[in-house]
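Look for chain A in each of the two complexes below; its partner is chain B in the first and chain C in the second.
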Partner chain A sequence: MESLRFHARLFALYFAQYVKARLAYRADFATAVLASFLGTAASFSVVLLLFSRFPHLAGWSFPEIVFLYGFSLLPYGLFSVLSANLYEFADRYLVEGRFDRILLRPVSPLFQIFFESFRLESLQEVVTGGAAVAWAVSRLPDLSPLGLALLPLWAVFGAVIYLSVFGILTASSFWIEDRVGLAPPVFNLMAFGRYPITIYDLKVKVLLSTVIPFAFASFYPTTLALKRADFTPYFWAVPAVALLFALLNRALWRRGIARYGSTGS
Partner chain B sequence: MSDPAVRVRDLVKTFEVSRKSPGLAGALKGLFRSETTTLTAVDHVSFDLDRGEMVGYIGPNGAGKSTTIKMLTGILTPTSGDVTALGFVPWRDRRAYTKSIGVVFGQRTQLWWDIAVVESFRLLREIYGVSEADYARRMKVFDDLLDVGRLLPQPVRKLSLGERMRCDLAASLLHEPTLLFLDEPTIGLDVVAKANVRSFLKEANKLLSTTVILTTHDLDDIEELCERVVLIDRGQVLWDGSLRGLRDRHLPEARIRFDLNPIPAGDPAELAVGPWRAARLAQGRYQIVVDKREVSTADVLREVVRDLPVLDLAVGEPDIEEVVARIYRENAALRKPDDEALPEGGAPGVVAHRGVRRG
Partner chain C sequence: MTALALARPYLAFARTSFLNLLAYRARYFVGILTYFFNATVWYYIWRALFHEKGDGATLGGFTFPQMLTYVTTGWALRSFYFNEVDREIASQVREGRLAMTLIKPVDVQAMTLSQALGESAFRLVLFTLPIGVLLGLVYPILPPASPSAFALYLLSGLLSALLVGAINFCVGLVAIRTTSILGVLRAKYLVLELLSGLLVPVAFFPEPARKVLVWLPFMHMNDTPGRIWLGLATGADAARALALQAGWTVALLLLGRVLWNATARRIEVQGG
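Here is the complex of A and B:
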């Protein structure tokens, strides 16, 4: 409990520091937010275009699709804000040697890696996603109140799933001397989780639900609110999946750090 | 008696290094089978550090200094051997241990690059749980001794190397560690900055009776700060004792270098000065290497000044790299007992030569 309070305070400080440093260059930050927003708007437009051509694709109405897609931006946005350092971990920490400094501080190394840098402009995705969900809710009269109430919490679980999967991929840098790594192809898979999983064939469904559980991050969390009873068990499995992958991530980092300790690289 | 602050016994660190064959064929071969060689970076190192002691840990590049420091600070896990520091096993109890140590790597800052120095200090205050009162009091001391006050509002990336080092030193002592590791704390600093850093370290060591272990290339750092040096080469401790003793034993030389005006006729390669010979370094510049066990530097100096038209004169001592190179050569010779160069029964490290040496 003490440790939790300590880390929460530290997180707030790290975040405040980052925001302060980032806002020192206002124009740069404004451009980044705009660029990020245009990216989100573009991919959203593709979805809208697609569904203007095929209304009721695989039995999903237009507002439902907006709900799904809007929600998917919440865990994804949170993930984007917090994952800035994962991409550069091998370069900035292992190659340049900053990881030594991380190990010299009495704070969890993983905590420091995740929270030393942020992708602040991605908060825009959370806002945009929230707005899309709000609009969809106004058009969908028959939603489950419990499903709606749990939505924010499930968005956090979703972000934990994303962060853990990419944390696991990043930890591979301790073993594989490859600056690019496995992250980019998996990153592309994230887009799959934003559509109703029912439109895919079985292989993709299995992949997104088990190996790389992105369906648990963005699709299943919406199913309770949308009253898709066939998916309800998956909805309730989301916290367990998040916990499982978070633990897996932590275990892998521990092994990676131990390996760093014995090889120095 | 209290326990030593740090106790190191038979510390060993080996690395597996994959050997790559050259060329495309080699790269292909490496895909299937990688040959590795074992590199011993630290080879059965043992020493104790007493509380409040300030010790220089020296050796040439690649001697194993940094690897040792990384094990003592808990970054690396040793292959074998024991370290007990402040009652902790560094690599096992890392989180608890790092609360009571301070570390400065001269090559790299411990501070956050993009934010103002004072913000870095506030983060560290939070990380180490330093109270507001302690923080204020210590910052006052750092400002008095290191003049960091005016640097606080600036981001680290805008500081000069010397300014950054002062801030790094202050940061490493913010939580009043009982054990301080300094890896090349004066590297790249100008003379004034070096002097500042040294006097601060002396003061901090006296004030807080912090145990300090210092690695450096700069002999002057050691001379000014450390009573004791531990010298390692190829991962092994070659000397543990005073610096004076080390130098006197292995390279008891002084170099007298002087400029002459007018330049001696014919610009000779060698000049006789009493019984000694001076070697020409450049036009009008000569050097005498004095074996201090045979004659006092002052005697030679007197004669140089009396006999020659000296314009300018300087006396130097061999730097640590040279002493180490000498010791290493002797060390290598010792490993080959048949080597005829080794004097029978004589102490290794006897300097037998005089005269021409390149400075």
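Here is the complex of A and C:
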């Protein structure tokens, strides 16, 4: 409990510090938010373009598709805000030797990596996604109140899943020299989670529900609210999957750090 | 002879760019997977949409095999025309490395474009061809509508690479005026995926949007070559589309020159 309070305070300090630094250049931050929003709007337009013309997709109505896609932006936005350091970890921390500084501090290295810098403008994805979900809710009369109430929490679990999967991939740079690794193709797999899983073949469904569990991050969390009884067991498995992958990630980082030898710079 | 002598330094830039990439081969094997996943998600989406309409249906003038071909050849083409000229030019300006470029007795835009084409040549061999073969083995892709359609497709694909090089040169010069260059470039990718017709052919856009899109250069990145491959644009149509594609490429190269001259005047390089 003590530790939790300590880390929460530390997080608040890191975050406040970052926000201050970022807002020092207001016009620039506004540009970044606008650019980020344009990107989200463009991807969303693709969905609107297709599914407003063809009002049903494998048994899912247009508002349901918007609900799904809008929700997917919540865990994705949270992930984007927190993953700013992850992608460049090998270059910035291992090769340039910044990791030594991290190791000298009496706080979990993983905590520092995640919270030392933020992609603040990605918060707009959370807002945009939330607005899309709200619109969809107004069009869908028969939703489960419990499913709706749990959505924010399940979005956090989804973000934990994304962060853990990419944390695991990043940790591999303690062992593997090639520093870009598998992150880009896995990153593109996130797109699969934004549509009803029923459109895929079995092999894709299995992939998204096991090794790369992105269906648990963005599709299954919507199924309780949308009353898809077939998927309810998967919905309730989301917290366990998030915990499992978070623990895997932590274990891998511990082993990687134990193996780490400084470049000496 | 003089033309060759003039071109020689630029050929050297293209060659160096090719060789630099060769050092990172492993990345390209992973990249093949990335493109395969991107095309695959669209295979499933279109399959589901066509399934709703019943077998043999056409959507926006496309049959399912045509749409699948459009999407897969589109991603394969993207693996060819893709370049990071914008990021490179922006980081040169930011980090002051531009000084080293400016002292070279060459035209900066021509140099940048040669690097982009060198990169594309590399990508064609280690990237586009394997991706094309992989997609062709996994999905039932239609061959080009005719030998002449294929020849025009190759021409159009080459123009796409030039067009993207011209666009990115401009984008890089605009991006340096903000400090969140990477944010601007990320947004650019998503916006261009929509406007180029990579994800959805222009025929699917609502009428008002289509009217705007045909007056913009972006649809020539994917929609134009895609329609040529499928034989949806032939004869005079194809010629007109290619002429527009070439015209836009020239226009954006000129715009790039204007932007470059405006930028070069403002640049002050630190002693660093």
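In this text, the second predicted complex is superposed on the first by the 259 of 265 C-alpha atoms of A that agree within 3 Å, B and C clash if a C-alpha of one lies under 4 Å from a C-alpha of the other, contacts with A are read in each partner's own complex, and residues count from 1 in each chain.
What we mean here is this: a contact is a pair of C-beta atoms (placed from the backbone, for glycine too) under 8 Å apart; a residue touches a chain by one contact, two chains touch by 3 or more.
Being a predicted model, the structure only gives us computed values, none of them experimental.
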Clash-or-fit label for the pair chain B, chain C on chain A: fit
Chain B versus chain C as contact partner of A:Ala42, first or second or both or neither: second
Touched partner set for A:Pro185, first chain B, second chain C, both or neither: second
Touching partner for A:Ala32 - first (chain B), second (chain C), both, neither: second
Residue contacts with chain A in the superposition, chain B compared against chain C: C
Touched partner set for A:Glu121, first chain B, second chain C, both or neither: second
Contacts of A:Val211 with chain B and chain C, given as first, second, both or neither: neither
Which of chain B and chain C A:Ile199 touches, first, second, both or neither: second
First (chain B), second (chain C), both or neither touched by A:Ala134: neither
Centroid geometry (CA): angle chain B/chain A/chain C, rounded to a multiple of 10 degrees: 90
Distance of closest approach, chain C and chain B, by C-alpha atoms in Å: 11
Of chain C, residues touching chain A in the complex: 26-27, 30-31, 33-34, 36-38, 40-41, 44-45, 47-49, 51-53, 59, 178-180, 183-184, 186-187, 189-191, 193-195, 199-200, 204-206
Chain A-facing residues of chain B, complex: 15-16, 67, 70, 73-77, 79, 91, 94-96, 98-99, 101, 103, 105, 108, 110, 112, 114-115, 119, 122-123, 126-128, 155
Complex contact set, residues of chain A against chain B: 9-10, 13-14, 17, 20-21, 97-98, 100-101, 103-108, 116, 258, 261-264
Chain A to chain C touching residues, read off their complex: 25, 28-29, 31-32, 35-36, 38-40, 42-43, 45-46, 49-50, 53-54, 56-58, 121, 178, 180-182, 184-185, 188-189, 191-192, 195, 199-201, 204
